[in-house]
Every structure is written in structure tokens, then in C-alpha cells.
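Shared between the two complexes below is subunit A, which pairs with subunit B and subunit C, respectively.
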Partner chain A sequence: MTWLEIDTWIVVIAILCAVSCSLLGNFLVLRKMSMMGDAISHAVLPGLAVAFILTETRASFTMFVGAAIVGLLTALFTQWVHSFGKVDGGAAMGVVFTSLFAIGLILIKAGADHVDLDANCVLYGSIELAPLDKIQILGWDLPRAAFVMGLILILNMVFVGVFFKELRISSFDPDLATTLGINAQLMHYLLMAMVAITTVAAFEAIGSILVIAMLIVPAAAAHLLTDRLLHMILASAVFAAISAGLGHLSAITLPRIIGFEDTNTAGMIATMSGVLFAFVVILAPRYGILSKALHRLALNLRILREDILGLLYRVDELKLVDRPAMTYRQLREALNTGPIQLQLALRRLRRSGRLKVTSRGYELEEPGRKRAQQIIRSHRLWETYLAEHFALPLDHIHAPAERVEHFIDQQMQDDLALETSTPTSDPHGKVIPPTTNS
Partner chain B sequence: MGTAHGSPHIHVNNEMAGGFVGTASEAEGAIQEFLEIAFVPEFHTMLVVLSTLILGAAAGMIGTFLLLRKQSLMGDALSHATLPGIGIAFMVMVAFGGSGKNMPGLLIGAAVFGLVGAGSVLFITRNTRLKSDAALGIVLSVYFGLGVALLGIIQQMPTGSAAGLNSFIYGKPSTVIIEDLYLIAGVALAVTIVCTLLFKELALLCFDECFASAQGWPITRLDASMLALATAVLVIGLQAVGLILVIAMLIIPPAAARFWTEKLKPMMIGSAVIGALSGWFGAVISAMATSLPAGAVIVLMATTIFLFSMIFGSSRGILKQAMGQYRLRRKIGHQHLLRACYESLESRIESVADEVFLSKGSSVTFDSLLSKRSWSPKQLRRLIQRSTKSGDVTSHPSTENEIRLTSQGLREGARLVRNHRLWEIYLITHADIAPSHVDRDADQIEHVLDSDLIERLEQLLDTHGAAKSVPASPHELNGGAVS
Partner chain C sequence: MAKIDSDKEDVPVQLNASSLAPAPDMSRRIATGDEHPVCPLSIHDMTVAYHRKPVLWDIDLDMPEGKLIGIVGPNGAGKSTLIKACLDLIPKASGLVSYYGKPYSKQRGLVGYVPQRESVDWDFPVSALDVVAMGRYGKIGWCRPVSKAHKKAAFDALDRVGLADYAKRQISQLSGGQQQRVFLARALAQEAKVYFMDEPFAAVDAATEKAIVQILHDLKSTGRTTLVVHHDLQTVREYFDWVVLLNMRIVAAGPVEEVFSQENLQKTYGGKLTLLDQAAQAMAGIKQ
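Let's look at the complex of A and B:
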């Protein structure tokens, strides 16, 4: 593989497109309108076709106007079909954008066939050829696509910067926005117009399918990483730029592995953004699948450890003469748990000095007994509370207490004791152990 | 690309512009050609027409459930997700020495990836905080991008050109052969059978998911089978309509049928008929104008039917709705007029059968009525005219300034005032609303209180025994009574 100047330009153009789209995408994702990006980028086709037929050129201002109008019309028509026809929002969108796309296809075939435009280039774009089309700007030889997308990026940055407050409020709470005097409807159509303009500017370089990917995927990934809007916007921009770079790189390297030259860059950028998204879904620090699974595992182990301590305490409590120490097998049967979790929990308890192994089996050490006393106290106070305040029958109070005992802290214990006037025994007649902290 | 300016497509443009035709003979020719292809086609054209017709019917059927389940756009994600499946199937078949153009093989690849796409959407919505819209967008763009990248590689394969694969994106019904028709008919038959067998379960799923799950129906499996059917239809539609527009066949016919009925079974049948008609006409027109993209023509046929239904639909059409609203507004205006008259005259009325009062003919002046409500003189005059026609009021023909209730109008006015006040008293005694706040609520509900509800109000307020008298207003009346 040789990296040429043209590759640099391809990556630059791709990054400009990707970042422009991802800026707007944040608001689409937050407003649960991601599919509007899909709808608009399909529906601008007739606008482009009409503009082509009128001006017979691809690089015209008319094209932007035509497409922006159709973009707005898509939003408007969808709204009409939804409210006048009482059609479900998603279906209304589907009716409108497929119809407009169909009209666009026919217009292109019927009227613009002799012009250099076909539906393929609208769908996939031709980023590989974009750097060849150069224009002179202030004595510089710039690819036209880079210049146009640079302008669009600045336009979008200004739009998001100027209307940041309005966009934020109307994205999270349209009703609040209205009471604050912000026209949420106007913001909606402004956003739709910006999406349409960006789509038109970018379609030539990267194709509408990549526009959809860059509108939605980076913003969705960023949404999994952070809860702050500003961070989300920055993260989505970085994410989009990385997808663009990696996408082109993989487009010219990956096919070599199986013996081909290269493949479509736009397609690979979309694919790479999907791969990065998959990583985020798995690895995101707070909302990722892995971190959620680890949290659940840690919680399960803590509950198991506390259950072991509680069980041993209850056995001690029976004060049997030939006290049956709990063997490993008995513990497993009593707690109904898997061997791996039990081993992990027991090892942790022994290492922290709460448990010891004697010839008869597992026994509580002093720190373990104290901890167990706390758990049992929580459990029995909760049972008392349920029986007194909710008048639950005696056979209904153990199960909820068994679940809640792990989440009752010192403060709540004191409150419960106060509420139930500091009882010494629970409704089953078992002794409530005293608090260990006083 | 072909020839763009052949004569056939001029006919088509004319057809679609609603029959604006340059010369009469040309129009006649076009219509004759249309009828010929529609009813007595050649063998190959018949294949194409039959396949799109059957496809439309099957898509309309399963689309009904998708629409009611609010999952219409799921089809979009599914159809885009099929592209990498087609690419991979092609590559695998070439790798095993085939030509790569084996239709069942390609469609199996497409179906597998359609299901993978559906699975991905469900996975994302269940395991992350993202909503279904974002999940759909991610799946459709990423999978389609992957498909495009795979096609980019296939194009460089020495064994076979990928030109045929492109027709999956825009659709090319003219490539349909008899085996494809068998396949399409088979899948359509399977969809019909499954829809009929699972009709009750799917209907329950669409209308009350929670109830269905409480009844012990396997929601997830039912949802999955619905999506599997949708995928099957999408896949057989790829060849004829193309993957971008095939979702229109799932969405538009049921949405159009919804305007005509409130019942599920007629909606499903109507949707299948609309789908079939779109496929039929679309295929005939594109057979006449071969340069036009057939998928687009079929979709626009469906759109035309949709627009017609949206305006003229007998159940939810815009005209029907507007008419209902107009009638309701008229009724409300009429009833407000009668109530205003009654309340103005109230102090002088002994009972609703007050012959003396009626013959003496106490009248209300126009101006006093005008001050009762926020209506303009013009509105009020029109209301009086209408109510005169229905025989509830009479106005003095010379002055038109004095309005009188007829005995029929008096009874109706008394009934309305009574309903209004019963509701007010109910709000005051049972909902603890201040007397100054009840007038507006009662004003809205008085027009729709039926006799059942009135009876229950009477029981609640214990006014049943006290004849059917009109209770006194619990608050001060606006405008005051005329002297």
C-alpha cells in the first residue's frame, strides 16, 4: 500500500463530511428522530433532480435550495400525514420518504439522464474521485468537495453554537422550551433544514447512505459514553473523524488480505463506524454491556457473601450442643448457588478474616460475626416494620426482608428501630441483635 | 440507462399527471396498450405482472401487523441489512465454483442477514439506553455500508460481474423468470397461511401487548415470527422492487387501508388488495415504459391510492373527519343558542309545558343573546337562521331582533340547561371544584351527555324524585336575564 496525496485529501473530505453530519446527529438522536435523517437523505433526491433539470449542472446554488426545500417538505408532509391522517409517526415517515424517493428516481430517469447524475452516485457517492475536482481558492488548489464541506462544517458549528441553549432545551423538554418562549417548532424545522443542506452538500462526496451513518452512529455511540450534551457533541465529532480515517485506511488495506485491490471507501467508513459502535456498546464505562455485567456480578458476590455470614450466624444462634458446622457441601445446598461463585465468595471472606475453616467446617470469626449481626439486625428490623406498618401476614415478610437486608445502611437501621420503637425480637420471636456501632 | 426520450415514457408521464394528454388519439393508444398489457399480456410480461401482484398482496398482508404494532420502519432496517447477505452469498457461491447468480442462494443470504439485522435492532434496544429509532438507523446504515463495501470487492472479481447485484437495490422486475415466480408465489402462500393461522395471536399482540403477555402468549416468539414473515416478503421483493423501495410495499398499502376501516380483518384484506393493485398497475405501466425504474412506478401507484384513501377514506379520511367536526360544531352552536335563550327567559318560565308563557310569547332580544357568549353578531345570526329552520326558535320576520323559543325549542333548552347544571352540581359536590370554575367544564360536556349518564347523575345527586325539573344554577349567570 502506498499513501498518496489523494488519500490524504480523501480522508480530509471524509472527516469534514463526517464531523458536519455528527454535529447535527446528536440532536436527532436525543429527540428520538434518528430516522428523520434517513428519511430526509432519501427524500432530497427529487429536489436534486429538479435542480439538475433546471440548471443542468451539479455544482449550483439551486441544488442546495431545491434539496433544502424538499428536506423541509419531508418533515412537513410527515407531520401532515401523521396529524391529519392519524397515521403512526414511523409509518407516516415511511410513506413520505419512499414516495419522494420514487419520484426522484423517475425524474432522474425521465429528465436528467443525459446529465451526469444517477441514483448510484446519490447513494454511494464517489469519494475516491472527489479530490480530482479542484478549484482555485485564494491561489490554493483545493478539491471542491473539501472547500464545500469545510463551509458546511463551519455553518453547522455556527448553527449549533448560536442555538446551543435553544437546541438543548427543545431536545430534552419541548414543553419547557415553549414556556420559556423558545419556538420548539421553529427549532425543529431549522434543524431539518440544516440536515437537508448537509445531506445535499455531502451526498456528492460520500453518498447518502454514509450521511445517514454519520448522522446517527457517532451520536448514538457518544450518547452511551456521557450524560453531558457538550461532551456528547465533542465525543461524536471525534468518533466521526476516527471512523472516517479508519474507514479509508481499511478500504485500501483490508481487501488486500483476500487478494483484491481496494473497495468502496464510503461503505467501509459506515462499516468502521459500526465496528467502533459495537466496541462502545460493549466497553462503555457506565452504559456498556461489560460494565453493567461486571457491576451485576460484583453485587451478586456481595449478596452471596452476606448470605453466607447470615446463614452461619443463624446456625450459631440455634446453640445446639453438638453444633453442626457447615461444610462446603451443606453451604452449597443451603444457598442454592453455583460452585464458582461460592468458591470466590468464601475465599474473599477467609482472606478478610471473617471466616475460618476448622475440622468441622466453616465458622465465623469475630469480624464476620459483627457483620452478620448487622445483616440479621437489618433483616429482622425490616420484618418487624413490614408486620407493624403494612399488617402483612407472618409468612409474607421473610422474602422481602431477604432481598432488602443487603441495602439497609446504619442510618436506615436507626430509622427503622425508631419507627418500630426499638424492638428486641422480630415477629417470628427471634432476637434482634443489638447494633454493633454504639 | 437506455434511451431516455423514447415515446413510451411520455405516455406514462401523461398517465401519472392524471390523464393530461396532448392528442386524443395518443391517449386512446396509451389506454388501449395499458388494457392490453393488464388483461392479455404476453407470457413474459404476465410473469412480471403476476409476480409484482402477488408480492403486493403478501406485503400488504404482513404490513398490516407491522403498522399496527408501530414497527413499520423495522422493514427499512431489515431491507437494508439484506445487502451484505447478498454480497456474501455471491462470494461464497463463486468460491465454491458457482456462477454466483443463483437466485435462491442469493435470497437465502439476504434472508439470513435480514434476520441478523432484526436481531441487532432488538439487541441494541434491549441492552443499551438507545431508543428504537437510533437502533434502526444504526443497523440500516452500517449493514448497508458493509454491503456496499462487499459489492465494491465483488466488482473486481474476475469470475463474474456484479452488475446483476445492483438490480437488487433498485429492482428490475423484467429479470423475473418462471422459477422466481414460483418462489414468490410459494412465499406469499406461506405468509397467507401463517397470517391466517396466527391471526388471533397477532391481533392480540397489536392491540394489547400487556394483556397478551398476561394471558401467557409468547410475545417475543410472536414478534419474531412477524419479523420473519416480513423478512421473507422483503427478500422476495428485492428482485422486483429493490431494497430501498420494497419497504414502501410494507408500509403504504396498510396505511391506505387504515383509512377505510376500523376492523382488523377488512383492513388486512383491503391492504392486500391495495398492494396487489399497486403491483399490477405499476408492473403494467413499467412494461409500457421500460426506461422507467419499475420499483418507483409501483411505489407511486401505491402512493396514489394512499393519497386517494387519505382524502376520501370512509372511516378516517380527511373529508370524513372534517365533516364529523363540522356537524359537531353545528350541533354545539345550536345547543348553545337554545341554552342561552332558555337562561335569558328562565325567571319567567313556570314549566316546560308552559302554554301561557309560550302564547304570551316572551322574547329575547338579539343584543342580550349576544352578550351571553363570545359569539360575533354574524355567527349568532347564522345560528338563529339554522335553528329557525329546525323549528326550535322563531324570530320576528320584520325586525329579526326578537327571538322566541317554540315549544319544541323550550323543551330542548330545558333539557340542555338541566344537563349542564346537573354536571355542575356533580362537579361541585363530588369533585370539590369551586362553583366559579364549573361552568366551563359543563359547557364542553353538556353536548355529549347521554341518557344513561344523566340517569346516573340523577341517582348520585338524588334529584330523581323531584320530577324532571331544572335545578337552579349553582353560580351567577353571565349576561343576566332580560326583564
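Let's look at the complex of A and C:
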């Protein structure tokens, strides 16, 4: 792999585009209008085409104005079709942006054919060539795309920074915002205008598909990672930058490895953001699949431990022998559980001093007995409560209590006792032991 | 009273005045009268329609100051619509609403709002304190950050509803009752004089219900006027001084002991208003 100056510029431009998009994307995702970015990025095409036909230059100021206007019109038309046509919001958006995009395509074909604005370029961009188009800024040779996107990034940062409070409240609770004098509609259209401008600036370099990806994916990932809006915005920017960097890196390395000649950087950036997103979905600390699975596993183990204690307590209650014990095999059969879970649960119970192993098998230690008594108490109080308040036959109250007993804390247990006027035996006639927490 | 009925002339379907108007109108006039030259909330001849279908007809109300006012009525009676129209959140087909004699746009700072809990996304990445601080945004003004003093005010409001310990929690990590209290704290942070609350008692736990009742009494004792959309008829007498019985029109409005009668409830919830509904359907072009 050889890293050239042009590679550096490609990465810089990609990062500027990705971060610019991701900043605004947070608010699209939070307002549950992610597809609005999609709609606007397609719908601005007629705006571009008209501006193009009028001025015959690309990236002119008129082009931005044209795009911003059509971007706003997209949001406005969508709103109109939705409210006047009584059409579902998503459908309204679909109608509006496909129509506008088609008009744009026709305009390009018909009017702007002699200049190089082609539909493919709009969709996929041409970031590999972007660094070659240079302009002089203060005696510095700068790729035009880097300069434009730098400005857009600053613009977006200022927009999000200055209107942070207003964006937050109008995204969270537009009605309240409006009653406080922060017009949520105005903020909505301001945001749409910013999305339109950013989209236009970015998609010459990276193409509209990647623009859509960068508007949505980093923000969606950041939402899974954080609990604060500011953190979410920062995390989305970092995510976008990493996707851009990794995307180009993999675009110039991966194809050789798997035997292709070359590939498209924009495509790889979008792919990378998808891969990173998958990682986040699996690994996110609170909302990730892995963390949820671990929590479930920990919960199941706790329930198993409590069931072991409860089982030994009940055997003891029968007073068949003086100091009852159960062998590993007996426990496994009674609890109907897998060997790994049971081993884990037993080891933990022994280490915490709740269980001991004697020649006859597993026996309750005093702390274990106390804990077991609490669980049995909760179980039987719950049965009493169910029997008193609901028309359940007696043989239907054990199973629900078996589940609920593990989730009853001291407070709830006291409330239950109060509610059932502190009974001494459960509906099956079994003794409800007193609480061991005093 | 005569005025209201004469306004009905242009409505295509003749309203059955005998079943609707006389009793409620009288109680309304007696209760409010002219002894409040500038009342906190005055609604004059307001009609609200969705897609030409009227959902609120000719609402005339003068709210007394410093009272707890319950708004009750069946589903679809237009209770939330009444609040939203008063707050300029939905357009009025006709009518005027004024707060202390001036339109809402001039009195925003005096009016607080507690929307229904389900109206927002509780997965939104903000803390309880962030949400309460939103109540201060009107006072802070555009584009300025939330200062320490405003944060302190928000925290104090959170403390008043018993959630000081939960200030930093992300809002989805709160129970339903706690979320409702966060909304209430946000309204307190607004430091308004007139409050609208849309079903604050809906599906809350006992602790929250107690906290809300306490807050309502505090608001009353400091001279605030509070309008609460309420579902539980059992507790109307206990919680409120005043009640508005609403079913597309105002069936009755006045002090609870005067208007919260079996007869008025029958009118509000009973089948006698079907004519009104038929008229609304006809105006929306729906054939029956």
C-alpha cells in the first residue's frame, strides 16, 4: 500500500463530509424522520439542475440557493400532501421526493446535457477525483471540495451550537417549544434547509447514497451508545470520522487482498459505517445485544441460586431427616437444569457461605437458610395475595409465585404482608415463615 | 345565553337547545359574572374544527382566578383540543382566547403546560434535569445557554416533586409516575400563573398521585389558576373547586358543588348529544 498526498486529501474531504452530515443527522434520527435526509438529498436535484442551467457553473452560490429552496419545498410539500391529502407522512414523503427527483433527472437530460453533471455522479460521487480540483485560498493550494466542506462543517457546528437548546426542545417536545415561543415549525424548516445545503455540498464529493448513510448511521449508532444529547452528537461525529478514515483505508487495501483491482471509496465508507454500526448494536454497553444477553444470563443464574436455596429449605421443612442434604444428581433432577449453570450457581453459593458440601451432599448454611426463608416467605405471601384478590384455582397460583418470588424486595414483601393482613399460612396450608430481615 | 343560541343560526343543523343549553349557561353566568374584570383565562365563542368537522363548538368560558379546575367529559369530547386551541397549538375556526385580558402571544410567560405523557419519546437522550430545564427556555430566550441560575431553578422544581435524586437519570430509566412528575416539575419551572395539565393522573402510582395533589394545592395557595383534564369522576369533588363538563360543547361549568350533578353528568356522558355529533359528521361530509 502506498499512501500519497491525494489519499490524505481524500480522507480529509471524506471526514469533513461525514462529520457535517452526522451533526444534522442526530436531529433527523431523534425526530424519527431519518428518511427526510434521503428525500431531501434526492429532491434537491431539480434545484441543482435549474441553478445549473441558469448559471452554467457548478458549485456556485446559486446552486446552494437553488438546493436550499428545493430542500425546503420538499419538507413543505411533504407536509401539505400529508395534511391536505390526508396521506400518511412516509407515503407523502415518498410521493414528493420521487416526483422531484424525476423532474430533476429530466431537467438534467434535457437542459444540462452539454455540461458535466450526470446522474451517476450525483448518486455515487467522485471523491477520488475531488482532490485534483484545486483552488487558491490565501496563496494556499486547496482542493475545492475540502474548502467548501470545511465551510459547511463550520456552518453546521455553529448552527448546532447556537441553536442547541432550541433544537433539543423542538425535537423532544415540539408543542411545548411552540408554547414557549420557540417555534418548532420554524426550527423544522431551518433544519431542513441546513440538511439541503449540506447535502448539496457533500454529494458532489461523496454522492447522495453516502450522504444518506452519513446522515443516519452515525447518529443511530451514537443513540445506542449514549444517554445525553451532547454526547450523542460528539459520538456521532467520531463515528462518522472513523467510518470515513477506515472506509478509504479499506478501499485502497481490501480490493488487492481479495483480488479486485480497485474499488470506490464512497462505497467502502458506507460499508464501513454499516460494519461499525453492527459492532455497536452488538457491543453497546446498555442497549447492545451482548450486554442484554449477559444481563439475562446473570438473572437466570440468580434465579437458579435462589431456587436451590428454596428447594433445600422445603426439604428441610418436611423434617424427614434431621439435617437434610441433597446430592448433585438429586438437585439436577429436581431443578431440571443444565450442568454448567448448576455448577456455576453451586460454586457461587459455596463461596458466599450459603451452602456447604458434606459427605451426604449439599447442605444449607445459616446465611443460606436466611435467604431461603425470605424467598419462601415472598412466594407464599404472593400465593396468598393471588388467592385473595383473583379468581384463581389453588393449583394455578404456585407457578406465577415461583417466578415472582425472585423479584420481590423487602419493601414489596412488607406491603404484601400488610395487604394480606400478615397471614401465618398460605392457601395450601403451608407455614409462612417470618422475615429474616429486621 | 340568548347570544349563544342566536349564534347557532348559521349552523346547518338545528341544535336541540332544550337538551343542552339552559342549565349549564345559567350556572356559567352565575359562577363567573362580571366580578372578575380581568380573569386569568377567558374563552369567547371559540369553535375548533379538524378538516371542517367541528370538535369544539362555541366555547364560552371565564375562569376564576386561583382555582383548581377540572375538565371532564367522555373520550372524544375535545378536552385536549380545548387546551391545545387555548395554547395556539391548533388553529381555531373562530373565537378569541385571552389571558388577563391579552392574547396568548403576548402572555406566553404566564401560561404553563403539562402535555400528556405519551406525547413525547421517552428514549430521547436527555436527563430528568434537562427536561425540567426546558421549562425555563422561554425565560432564557433564543440562542442563549442554560445558565447556572436556571439550572438551579430547574433542580428546585425537581426537588419539589420529590425527584431530586433522579436529576441525572436518563428519562427512560424512570417509572411512568416519575416521568409524569418530571413533566409537572417542568411546568413548575415555567413559573406561570395559569396552568394547563392534560391528564396528569393517567396511570400513575399512589405516590405520584399524592405528589400531584400536593402540587395542585400549592399552586392554588399561591394564587395560580390550574386547569386539569381529568378522567376519574370519583375524585372530582375531592380534587377540584371548579369543574367544566365538556362534550364538544360546554354542558356545564362552575363550582363543583353547583354543577357536578348527576343530571349534568348524564348530559355529558349520556346519549343526548348524538344530534351534535350528527351535525358535525354532516358538516364533514360523512353520510350516515
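Please note the rule applied: the second predicted complex is superposed on the first by the 392 of 438 C-alpha atoms of A that agree within 3 Å, B and C clash if a C-alpha of one lies under 4 Å from a C-alpha of the other, contacts with A are read in each partner's own complex, and residues count from 1 in each chain.
Everything below uses one rule, namely that a residue touches a chain if its C-beta (ideal position, glycine included) is under 8 Å from a C-beta of that chain, and two chains touch if they have at least 3 such contacts.
Since the structure is predicted, the reported quantities are computational estimates derived from the model, not experimental observations.
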| item | value |
| --- | --- |
| Three-chain arrangement built on subunit A, subunit B and subunit C clash or fit | clash |
| Touching partner for A:Ser171 - first (subunit B), second (subunit C), both, neither | second |
| Which of subunit B and subunit C A:Asp88 touches, first, second, both or neither | first |
| First, second, both or neither for A:Met232, with subunit B first and subunit C second | second |
| Comparing the two partners subunit B and subunit C, which touches a greater set of residues in subunit A | B |
| Which superposed partner A:Lys32 touches (first subunit B, second subunit C, both, neither) | both |
| Touching partner for A:Gly361 - first (subunit B), second (subunit C), both, neither | neither |
| Which superposed partner A:Leu180 touches (first subunit B, second subunit C, both, neither) | second |
| First, second, both or neither for A:His223, with subunit B first and subunit C second | both |
| Identified clashing stretch of subunit C versus subunit B [80-88, 134-142 or 242-250] | 242-250 |
| Shared subunit A contacts, counted only where both subunit B and subunit C touch the same residue | 32, 86, 223 |
| Of all residues in subunit B, those that touch subunit A in their complex | 1, 4, 9, 13, 67, 70-73, 75-76, 124, 127-131, 133-134, 136-138, 140-153, 156-157, 166, 169-170, 244-245, 247-248, 251-252, 254-255, 258-259, 291-293, 295-297, 299-300, 303, 306, 310, 316, 318, 321 |
| Subunit A residues within the subunit B interface of the complex | 29, 32-35, 37-38, 42, 81, 84-88, 90-95, 98-99, 101-103, 105-106, 109-111, 113-114, 118-120, 123-124, 209-210, 212-213, 215-217, 219-220, 223-224, 251, 255, 258, 260-264, 266-271, 273-274, 277, 281, 287, 289 |
| Residue numbers on subunit A that touch subunit C, as the complex places them | 30, 32, 86, 162-166, 168-169, 171-173, 175-182, 223, 226-229, 231-232 |
| Subunit A partner contacts - residues on subunit C that touch it in the complex | 51, 84, 87-89, 108, 111, 113, 115, 119-121, 124-127, 130-131, 134, 137-138, 140, 142-146, 170, 186, 190 |
